[in-house]
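Let me begin by handing over the structure; questions about it come next.
Chain lettering (A, B, C, D, E and F) follows the sequence in which the chains are written, and residue indices restart at 1 in each chain.
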Amino acid sequence: MFFDEGYSGRKYIMADKSYNDGDIVIFGMPMDYTVSFRPGSRFGPNRIREASIGLEEYSVYLDRHLEDLNVHDAGDMLLPFGNAGKSIEMIETYTEQLLKDGKFPVGLGGEHLVSWPVIRSMFKKYAELAVIHIDAHADLREEYEGEVLSHSTPIRKACELIGPKNVYSFGIRSGMREEFQYAKESGMHMSKFDVAEPLKKMLPELAGRPVYVTIDIDVLDPAFAPGTGTAEAGGIASKELLEAIHAIAGSEINVVGCDLVEVVPAYDPSEQTAIAASKFIREMLLGFVK
Amino acid sequence: MFFDEGYSGRKYIMADKSYNDGDIVIFGMPMDYTVSFRPGSRFGPNRIREASIGLEEYSVYLDRHLEDLNVHDAGDMLLPFGNAGKSIEMIETYTEQLLKDGKFPVGLGGEHLVSWPVIRSMFKKYAELAVIHIDAHADLREEYEGEVLSHSTPIRKACELIGPKNVYSFGIRSGMREEFQYAKESGMHMSKFDVAEPLKKMLPELAGRPVYVTIDIDVLDPAFAPGTGTAEAGGIASKELLEAIHAIAGSEINVVGCDLVEVVPAYDPSEQTAIAASKFIREMLLGFVK
Amino acid sequence: MFFDEGYSGRKYIMADKSYNDGDIVIFGMPMDYTVSFRPGSRFGPNRIREASIGLEEYSVYLDRHLEDLNVHDAGDMLLPFGNAGKSIEMIETYTEQLLKDGKFPVGLGGEHLVSWPVIRSMFKKYAELAVIHIDAHADLREEYEGEVLSHSTPIRKACELIGPKNVYSFGIRSGMREEFQYAKESGMHMSKFDVAEPLKKMLPELAGRPVYVTIDIDVLDPAFAPGTGTAEAGGIASKELLEAIHAIAGSEINVVGCDLVEVVPAYDPSEQTAIAASKFIREMLLGFVK
Amino acid sequence: MFFDEGYSGRKYIMADKSYNDGDIVIFGMPMDYTVSFRPGSRFGPNRIREASIGLEEYSVYLDRHLEDLNVHDAGDMLLPFGNAGKSIEMIETYTEQLLKDGKFPVGLGGEHLVSWPVIRSMFKKYAELAVIHIDAHADLREEYEGEVLSHSTPIRKACELIGPKNVYSFGIRSGMREEFQYAKESGMHMSKFDVAEPLKKMLPELAGRPVYVTIDIDVLDPAFAPGTGTAEAGGIASKELLEAIHAIAGSEINVVGCDLVEVVPAYDPSEQTAIAASKFIREMLLGFVK
Amino acid sequence: MFFDEGYSGRKYIMADKSYNDGDIVIFGMPMDYTVSFRPGSRFGPNRIREASIGLEEYSVYLDRHLEDLNVHDAGDMLLPFGNAGKSIEMIETYTEQLLKDGKFPVGLGGEHLVSWPVIRSMFKKYAELAVIHIDAHADLREEYEGEVLSHSTPIRKACELIGPKNVYSFGIRSGMREEFQYAKESGMHMSKFDVAEPLKKMLPELAGRPVYVTIDIDVLDPAFAPGTGTAEAGGIASKELLEAIHAIAGSEINVVGCDLVEVVPAYDPSEQTAIAASKFIREMLLGFVK
Amino acid sequence: MFFDEGYSGRKYIMADKSYNDGDIVIFGMPMDYTVSFRPGSRFGPNRIREASIGLEEYSVYLDRHLEDLNVHDAGDMLLPFGNAGKSIEMIETYTEQLLKDGKFPVGLGGEHLVSWPVIRSMFKKYAELAVIHIDAHADLREEYEGEVLSHSTPIRKACELIGPKNVYSFGIRSGMREEFQYAKESGMHMSKFDVAEPLKKMLPELAGRPVYVTIDIDVLDPAFAPGTGTAEAGGIASKELLEAIHAIAGSEINVVGCDLVEVVPAYDPSEQTAIAASKFIREMLLGFVK
């Protein structure tokens, strides 16, 4: 229904379990039509899978091997190009099903708006849900040029749904004045510029809670992730993002799902963005799923 | 209303007249969200303008100079990203206004769906309208994966609006079996694979009629236009497309508007697609507007 | 044994049958270590599969649809990098099995040397085998800098195995003086520079015979296939290669297997080479298999 | 006289004031003919403007918005290609006029030699002028292969004009032995390798003085600015350059003009260099102009 | 004096003779500072040499081998960047020396202006000199934005020096109205758009005369030579340029020198332009030098 | 015997001594056929040489000039493509000769397996040899998919030859579980993730010993070296690698040879990897050879 059953796409390394046998489900959300700058993140999920061939299946950071997990890679969803409303609906319906089936969802974007329907599904299941949001952009707009369905709005929507004080943003270095005002006044947590240090300080506060982690690859400096839609200079290094993932992995919080979004291969002939993203996914799998 | 008035984008060479002083209006339609393969044609119009710097203002093919025309370049429309329906409405409203003001519209895509609202405007003004469609793809689908607003449907819609026998397609080398059946049964004209020769044969039939010309850059072989969304091998050379434009220019038909669509700069580091497109636009301006 | 069973790679469009249900088997031979210039054709097969997403499943040239065929895509063989001898052995063993199982083999290179073991398998089954070879290079060397296993030698080896008079080369525009002398003296057929016209003249001579067709993408001018290892200016257009494929399809010869080799994605950021190759494969499937 | 009046180029975001209404004037100096390695910085200014579309108009670093400034973007100067002497003269004449009209000049290079005529104009107006120079290269040569007008000489010329002790270089990691000897013996300030820390130490010394700030984008490591003419490994991160700009912004010095040079888009298909440069310009505008 | 003696650059294949032992001298003229659009042809000569590694040393077109010639590759001249006047002087002095020493000069550009001083040297030696000029652009301007030393002027200068009736241009498809008027009125020969056919018609007229052949790679359509400064759509294929070279080779004219200019590697990640140029040079060597 | 004597390749800057006059010999090992991911390092050595043009001959880090050294650049070895065994033999034979002639070898890869035969030669001469290995990957595999000659095995082989306790690895962040177990149990030194700090701590331990230094460019984060075969996110910056080289240069160890491997230009259109590598080579020359 959501996927082309007759089509067998490339899988992420070792994500070779069937849906039924998988505890974790990787799924691509190839939606990129509401972005205001450079589209093309629809090809992100497949290039991340392709780049995973170059990875080891073992993480020396976590001393853990992908063979310890049961991962199903569902491929990319068949979203209706250019229809943001319907695409979001489909993602929500699909992830609700995933959660009902007891799967741990690992979403690959696509633009950041795809996180919004996943968070809605998550919140239906986990009333105590918190969101860790790692990104260069605040994504706190109410609308973009009149459109409420925009890649600039998902975190605002999340704040309104689960309550601002349950949303924790890190690494933010770009946004409208109004977004930063909202961040300050609403009670949400926002750490500007840096990720690993402020995150480590906040993690104890979240101990024991169900947390959804959403990472926009553009939190990295464009040097580390040139292949993204809205690159923003002055970001963190890949090393710091790994440190952040490992900090979450080593904390007491209960990660219940995660995503990585905004990889746009067309702007990266070296493929380094997909290569880095495929490593982050491996660390998220090995670190977030106990 | 449709454009950002405070923003002054780059103009096509010599398109330096004001709206009021211009007989011809160039306008960009940066919409690319319904495409099924590679997006990015939203950056097409501006790269075509940028590439026009490398062009001469004089055409040795037509022995005519851009200074003989009064051209206004309106810049790119402010379309709501990801909202195909509203974008199409805006294009239609805007082009209606252009026609009411007696302007000759020259549209720059964007995906091919943008031609649909322009043709609607055209048909309101010209009841006898015919369409010359030069493209690799039939674009005769009724819908794409359930979406009626898709870059695969504009010519079908045009057929249904102005009558299939008033639509003339050239260069078609890709489509579903159903599209070619429709082409055969509906009474429209479709020339497969080639453009210049069959076009020259049809032009006398169109003499004296108001004609809208829509060119999808992918009618060229990818060798000549690598920077496009859905490249299709086996196409024509730039020389043949120039020959086709010049054939129309030298015919008895009354061109009342035209567009050039689907330039996607991200897939063309050599910029040759935008460079070629900027030349086609010059020849269309000098050849179509008497 | 030859493929990673736990790994499910991307399939060519509609190549979704199981091995047992497939009449045709597509398989990748990601070997590129004996090339003398630019390596990287190991990534060719997967990029051809990826580019096939942008294709229609129906060919307007042949008025035939991929749903009329039963195609299995076996993925890429697990060849030992840097060990040419063993890789060739594995390919031979595998294709022998394919032929024993009654499958029609469609190989994706990889460098041109991969055709050599396939032809050996073919010749064991078909004593009357002829080879149609479409390429920019003669590939008639006895050795390259002392190595007999080289991408410059497969057609020489084929001549020695099945007899020079059973080998038909087309489009050749590069080689050593000795190779052209061999071509002249050995009795093989060689058409220089052009493909479609001389091929059409030779096809009647081959009527009724089992023929293996091997196409090196570099027979195209680099304009049409920039992504290849040893690009050679002055080649044919994609249109002519399609014409050649269609001429074979319409002839009385009995194609018993085919391959397409030397797509090197790293030299083609526009992806046009893989896009063209994926179309040639579709036409070969629909045209060669009755 | 210096600009093509009939031509309306793309503007930097919100740089929409007329010359008369503007307090700040952005102008491009598309000169790149004396460079010894990779030319192409003539396209730098326009790509920086284009990349500014992806930027927010508000800086969260400085809590300031571009709407607080009156910026005119004059476009690119019409410099005579290949005539270094005349180009320099034109830049000097133009910037003298700017200063006479009370404008704050923000120059976009172009090669680094363009800073030389601007500094000459500056020094005519500000006898107490100091220069802050942020760069990978010393640019202290007296001549390059016999040419005194070379991209390797501007800081030497500045030292000779305004006195070495008024020139402060930071981040230098490349040069001839003689240049470093000159730096040591002449009395100028030179901090090697690092920028932000040594700059912060020197700023108090410059309090109250009129200072011109010239930034060569290649002070960044090539990871952060691959699109430059003479990339030099071992540089600083974008974060450190932002820190340096903000340190100047927060200091007591009186910035009277600035430039950013050596962005060469052709070597950066990801556009990250122009994207970073457009952000630096925003921070320089918001930070340097009170 | 003109070359860096201590530096040993890469040689064109088999151009391994010393200056004294060489009958033919290949030399690079890395000048690109007067171009009006995209610079970077300074790197053309070396990339042509590098691409020659992928070539056979034998031409099947001419049945001739590079070992039959004595070629010296002098490397690239040490031209003063940004000083067009002095660069031109150096080229003239050097080529005069070459001719005095009885060498056959084969120049690699660089921009097209480099042909001007070579033609001056040639004319001093050969009073009956004719020039065959193969190019997309007329290059007949008197000046460009006030500069007489411009890449748009060399053929005009040649006409004025050796007389317009001794200049034969082919393939021209771009220029100002005034240039085409000059072409018509001056008595020079100009064939528009095509090369091989009109050239074959003119060759008998030039039989027995000393002729200099200058080829601008942009006569090719950008599909065949994307890596050039001022690409112009609608050009010829590589096959036609080879045909033209072979027509000259087979004619009665006495070629006394030649050049190939305007290869700009930065705009061609596939390297196809340098690959094609290196083949044209081989055919020019084998075809022009008896 | 090992090099094409008739061929004169580009030299590294100032590496202009003859073999006999050279104390140091730079040589390329263009082998890349056993790599498991992206091949193309065969072009690394020449692009490093080409990029060296943009370098200063003086190092401000070490206050030393290349004119103080006598360097011969032997060009690239003529290795038999696709024959790993024979290639390794040739490298060993050649480097043995180098050492017998008292030369300091500086090898340019090629894949990392090329270090293995060099280390064998070294160990024959220096019984006390230690190896400093700077890399992202452990390279401690016994075989790769059954092949013992693989780019994943050289350090394991080195351990087995010279004893694990004489091998010092730094920066390792990727490998199989078994490799890290071996590292731990065998007694070799392995520092994970970081290079400069742990190296500085170990250097005193190596004082006075003959040491071979092998650097895999992928120890850098892909941001700093996108052009490599197996990019691995989370690496060090160029600054840290320079710091490591300078630490070795300033230590008491006796460097007896070194190499730099795995530069793959095809994945780096900005050329930044080769540019960085050419600088590292300069610093290694100036720092390692007293």
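By our rule, contacts are C-beta pairs under 8 Å (C-beta built on N, C-alpha and C of every residue); 3 or more make two chains touch, one makes a residue touch a chain.
Note that the coordinates shown come from a computational prediction; the quantities given were computed from them, not determined experimentally.
Novice: Compute the shortest path length in steps from chain C to chain D over the network of touching chains.
Specialist: 2
Novice: Chains in contact with chain B and with chain C: which ones?
Specialist: A, E
Novice: Could you figure out which pair among B-D, E-F or B-E mirrors the B-C interface, over half of its contact pairs being identical by residue number?
Specialist: Interface equivalent to B-C, from the options B-D, E-F or B-E: B-E.
Novice: Comparing B-D against B-E, which pair counts more contacting C-beta pairs?
Specialist: When the contacts at B-E and B-D are counted, B-E has more.
Novice: Farthest chain from chain A, comparing Cα centres?
Specialist: Between chain A and the rest, the longest centre separation is with E.
Novice: Just the number, please: Cα centre separation of chain A and chain F in whole Å.
Specialist: Centre separation, chain A to chain F: 38 Å.
Novice: Rounded to the nearest whole Å, what is the centre-to-centre distance of chain A and chain C, using the mean of the C-alpha atoms as each centre?
Specialist: About 41 Å, centre to centre.
Novice: Going through chain E residue by residue, note those that touch at least 2 other chains and give them in order.
Specialist: 38, 221, 223-224, 237, 267, 269
Novice: Which pairs of chains touch each other?
Specialist: According to the stated criterion, the contacting chain pairs are A-B, A-C, A-D, A-F, B-C, B-D, B-E, C-E, C-F, D-E, D-F, E-F.
Novice: Okay, in this complex, where on chain C does chain A touch?
Specialist: Listed in rising order, the residues are 6-11, 14, 16, 46, 50, 269.
Novice: Under the touch definition given earlier, write down the residues of chain E that touch chain C in their complex.
Specialist: Contact set of chain E toward chain C: 53-58, 60-61, 63, 65, 221, 223-224, 237-239, 242, 269-272, 275-276, 279-280.
Novice: Mind listing the chain D positions that touch chain E in their complex?
Specialist: 32-36, 38-40, 42-43, 78, 80-84, 144-147, 149-150, 266-267, 269
Novice: Give the list of chain B residues in touch with chain C in this complex.
Specialist: Counting only chain B, the residues touching chain C are 37-38, 172-177, 180, 192-193, 221-224, 226-227, 230-235, 237, 267-269.
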